[in-house]
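Below are two complexes that have subunit A in common, paired first with subunit B and then with subunit C.
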Partner chain A sequence: MDNLNLAFLFLGGVAAFLSIAMLLAKNPIAAALSLLGIMLCTAGLYGMMQEHFIAAIQLVVYAGAVMVLFIFSIMLLNLKKEERDFKFTTPSFMATYTAGIVIFIGIIFQLLVHYDLFKSTMIPGPFNTAEVANLGGNTKVLAHALFSQYYLSFEVISLALLVAIIGAVVLAKRKFD
Partner chain B sequence: MTLFDFIQMFAKMAVVVGLALSSVPFLVWFERRGSAWMQGRVGPNRVGPFGLLQSVADVLKLFLKESFIPGHVNKFFYLLAPAIALAAPLGALMVIPFGSHAMVMGQKVVLQIAQIDSGLIFLLAFAGLEVYPVILGGWASHNKYTVLGALRGSSQMVSYEIAMGMSILSMLVIYGTFNLQEMVAWQGDSWLGFIPTWGAFINPIGALIFFISIFAETNRLPFDLPEGDAEIVGGYHTEYGAMKFGMFFLAEYVAMVMASALISTLYFGGFNLLPGFGLLVSWVGGYTDGSPDALQNVKAAFEFVSILLKVGFFLFVFVWVRWTLPRFRFDQLMDLGWKVLFPLSFVNLLVVIFMSYFFVS
Partner chain C sequence: MYITNELFIQILAAFLFMMGMLIVVQRRNTIMVLMGIELMLNAANLSMVGFSHYLSQIDGQVQVFFTITIAAAESAVGLSILINLFRNFGSSKTGEASILRG
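After this line comes the complex of A and B, so read on.
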């Protein structure tokens, strides 16, 4: 087993553990921090795949910005009541967990049936490590792909974000007026 | 990974982490003596020569104190916060290049721990994690003062990250790379033979904004609002004692070292030889056997000295500013961040983009 697989098992295992911890955490801050841990593990996985740019972006965007915002809003809103009234036995929770477990087992089953995970060899795409290094590092390759081949989708996504920002402002304004 | 790779990686880590951590007692001593000197006092001068061992005694005291955990805190997060506080700036230090490369036993050793293509973003990522210990420590302590300190500290850090990011972005437009080694190489030229092409000379406003922002990011005076003896006691680390407080204290100074290394790499030529060091290199090089490897090693050693001197200078400035400027009020701090630095850095970014579009291409 090479380094990548070991790292995958370790980081993936920690991420899986933290996901369960996030679902079961009574305390909202603990849940948010578990999510932060999952983000960090994902960034570590990207890093092990030599995708340093994506790893760094994962850290900057999710760990550095999104999760700070989450934790900030949790700290500012007083969630004492939610924390006290949190129960695993309400019908909606039961339904959610059952659905989640069924979907999870389904995915695992399909994966095990169709891909012999630990035996099959991966078919490498056009961008292997040597090729990427040859083209000037993965940041450059990604930038070229993003701003030439996928330019339109990139712009459309930014437009969607703009719509979301304006929507948030409008909603907040209506409440305060 | 061969044994040689492993050893050189480990040696580089030991040097960087060791230097960053062992500079802290000296910095604390310098801060206290410097403040005394600026205020016409004597300062600590009893323990060891010039009081140099005072910080050692202080650290010893922090180590030997009882590690007391207040009963009302959230234990896990309370203990986690100081660990993150120290780990984040140390993690950021690993992408700072501290020399071009040395030749050891015929093999090339690049003097940078993690040679990452997108090193600058990596650095920003770790710098962004520095806000967590403030939030966590303040929240987990279950104390009004600590929560207020945490809110102040985190909002200050988040606000100034914007101005800092904008000024870094303007440098990225100029350098055209995320790779810190390439950035330093870019700054290696000189105009008219003696003015080095440092980022600060090309983009002075960006350098100034960045310089101001790192004071807020490291919670140093004049922006040390997360703490305030008269208002919120010790701020987010009020409930911490013994070495847990010591780790927050250590983290502040390691963050200062990191910020100084970052500003000297981005804006002040990084490990490029200081003006005049070229003569020294050739003088010392004359005493070696004259092989290219030995000359490269001498050059690498002086490059290391150069960046150390630059980092040392900025650490001195940190102390100098602390004992010269009065501290801001919180609303003034926010005004400066959002109404002055943010628009200024944005305009500066636009100017730099236009300039580089018309002059470089």
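After this line comes the complex of A and C, so read on.
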């Protein structure tokens, strides 16, 4: 249990700042680039936690494929810079903002109350950092789990991906009227 | 109480989830709503990896692998629906799409 690392603080702070920038962005492409920055910061955090496989997947799938899809469709639809579509003073924004703050504080409170309880009442699993490094790294351990214990889930998820690909092609090609 | 790395990850995940929820509820542009959903999924992933690391288990990371797959599928289908919406209504505002008839 080590104290807060400075790199963690930096990556997390940048991610939090970019999420605020994303909420306030007028231009959709600026929001998309902020989301890309958040994905990159999250991938950096995964890498700092020694979860290399998840970090690589985050970079390839999220920051690569999904964000390219988003930016591509923004350019396809030719969305322009527009007026900010909400005002800070409207009752609806105030209500949502208050609800968000309340939920956030509730989550933080529950975390602080129960966080140490978790570790003391629960038996930790075998895969601590040293053991994972001993077994050949995060990728190898995950691959063993994925193709033995979670084999059926893996097959089902690939089927779901296939269905999504076909659905996206059919929906995008469909001509109305 | 010290703020450890793991606790910081959880606080950050909660914050990102809150911001994603605000974006989904508050923005009127459909593509911004989809981006907010992606941000919420990302925050949930971060929380799961943090707890998986904290409890020295591998199940959370496998779950994150599945979640990322589903998020990619969701964004592909969502964006093709968005393109159809834009073709039909000529706008990407959520308020414009108020007619259910195709």
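Just so we're on the same page, the second predicted complex is superposed on the first by the 142 of 177 C-alpha atoms of A that agree within 3 Å, B and C clash if a C-alpha of one lies under 4 Å from a C-alpha of the other, contacts with A are read in each partner's own complex, and residues count from 1 in each chain.
Here is the rule we go by: a residue touches a chain if its C-beta (ideal position, glycine included) is under 8 Å from a C-beta of that chain, and two chains touch if they have at least 3 such contacts.
Not measured: the values here are computed from a predicted model.
Q: Based on the shared subunit A superposition, would you classify subunit B and subunit C as clashing or fitting together?
A: In the arrangement built by aligning on subunit A, the partners subunit C and subunit B fit side by side.
Q: Touch check for A:Thr139: first (subunit B), second (subunit C), both, or neither?
A: A:Thr139: touches subunit B, not subunit C.
Q: Based on the superposed arrangement, let me know which partner A:Ile71 touches: subunit B (first), subunit C (second), both, or neither?
A: first
Q: May I ask you to decide whether A:Ala63 touches subunit B, subunit C, both, or neither, giving the answer as first, second, both or neither?
A: In the superposition, A:Ala63 contacts subunit B only.
Q: Between subunit C and subunit B, which one touches more residues of subunit A when both complexes sit on the common chain A?
A: Counting contacted residues of subunit A, the larger count belongs to C.
Q: Please indicate which partner A:Thr42 is in contact with in the superposed arrangement: first for subunit B, second for subunit C, both, or neither.
A: After superposition on chain A, A:Thr42 lies in contact with subunit C alone.
Q: Using the touch definition from the top, say if A:Val14 reaches subunit B (first), subunit C (second), both or neither.
A: In the superposition, A:Val14 contacts neither subunit B nor subunit C.
Q: Taking the superposition as given, does A:Phe53 touch the first partner, subunit B, the second, subunit C, both, or neither?
A: Once the two structures are laid over each other on A, A:Phe53 reaches both partners.
Q: In the superposed arrangement, which partner chain does A:Leu161 touch: subunit B (first), subunit C (second), both, or neither?
A: second
Q: Once both structures are overlaid on their shared chain, how near does any Cα of subunit B get to a Cα of subunit C? Whole angstrom is fine.
A: 15
Q: Touching subunit B in one complex and subunit C in the other: list those residues of subunit A.
A: 53, 57, 65, 138
Q: For a test of understanding, state which residues of subunit A touch subunit C in their complex under the given definition.
A: That would be residues 1-5, 8-9, 12, 15-16, 19-20, 22-23, 28, 31-32, 35, 38-39, 42, 45-46, 48-51, 53-54, 57-58, 61-62, 65-66, 69-70, 73-74, 76-77, 79, 82, 85-86, 92-93, 96-97, 100-101, 103-104, 107-108, 111-112, 115, 118-119, 122, 124-128, 131, 138, 141-142, 145-146, 150, 153, 157, 160-161, 163-165, 167-169, 171-172, 174, 176 of subunit A.
Q: Quick one: which bits of subunit A touch subunit B in the complex? Just the residue numbers, please.
A: Touch residues, subunit A against subunit B: 27, 29-30, 33, 36, 43, 52-53, 55-57, 59-60, 63-65, 68, 71-72, 75, 137-139.
Q: Which of the residues in subunit C end up touching subunit A in this complex?
A: 1-5, 7-12, 14-23, 25-29, 31-32, 34-35, 38-39, 42, 45-46, 49-50, 52-59, 61-62, 64-66, 68-77, 79-84, 86-88, 92-93, 102
Q: Could you list, by residue number, the parts of subunit B that touch subunit A in their complex?
A: Interface residues on the subunit B side: 74, 77, 116-118, 121-122, 124-126, 128-129, 131-132, 135-136, 139, 147, 150-151, 154, 158, 161, 178-179.
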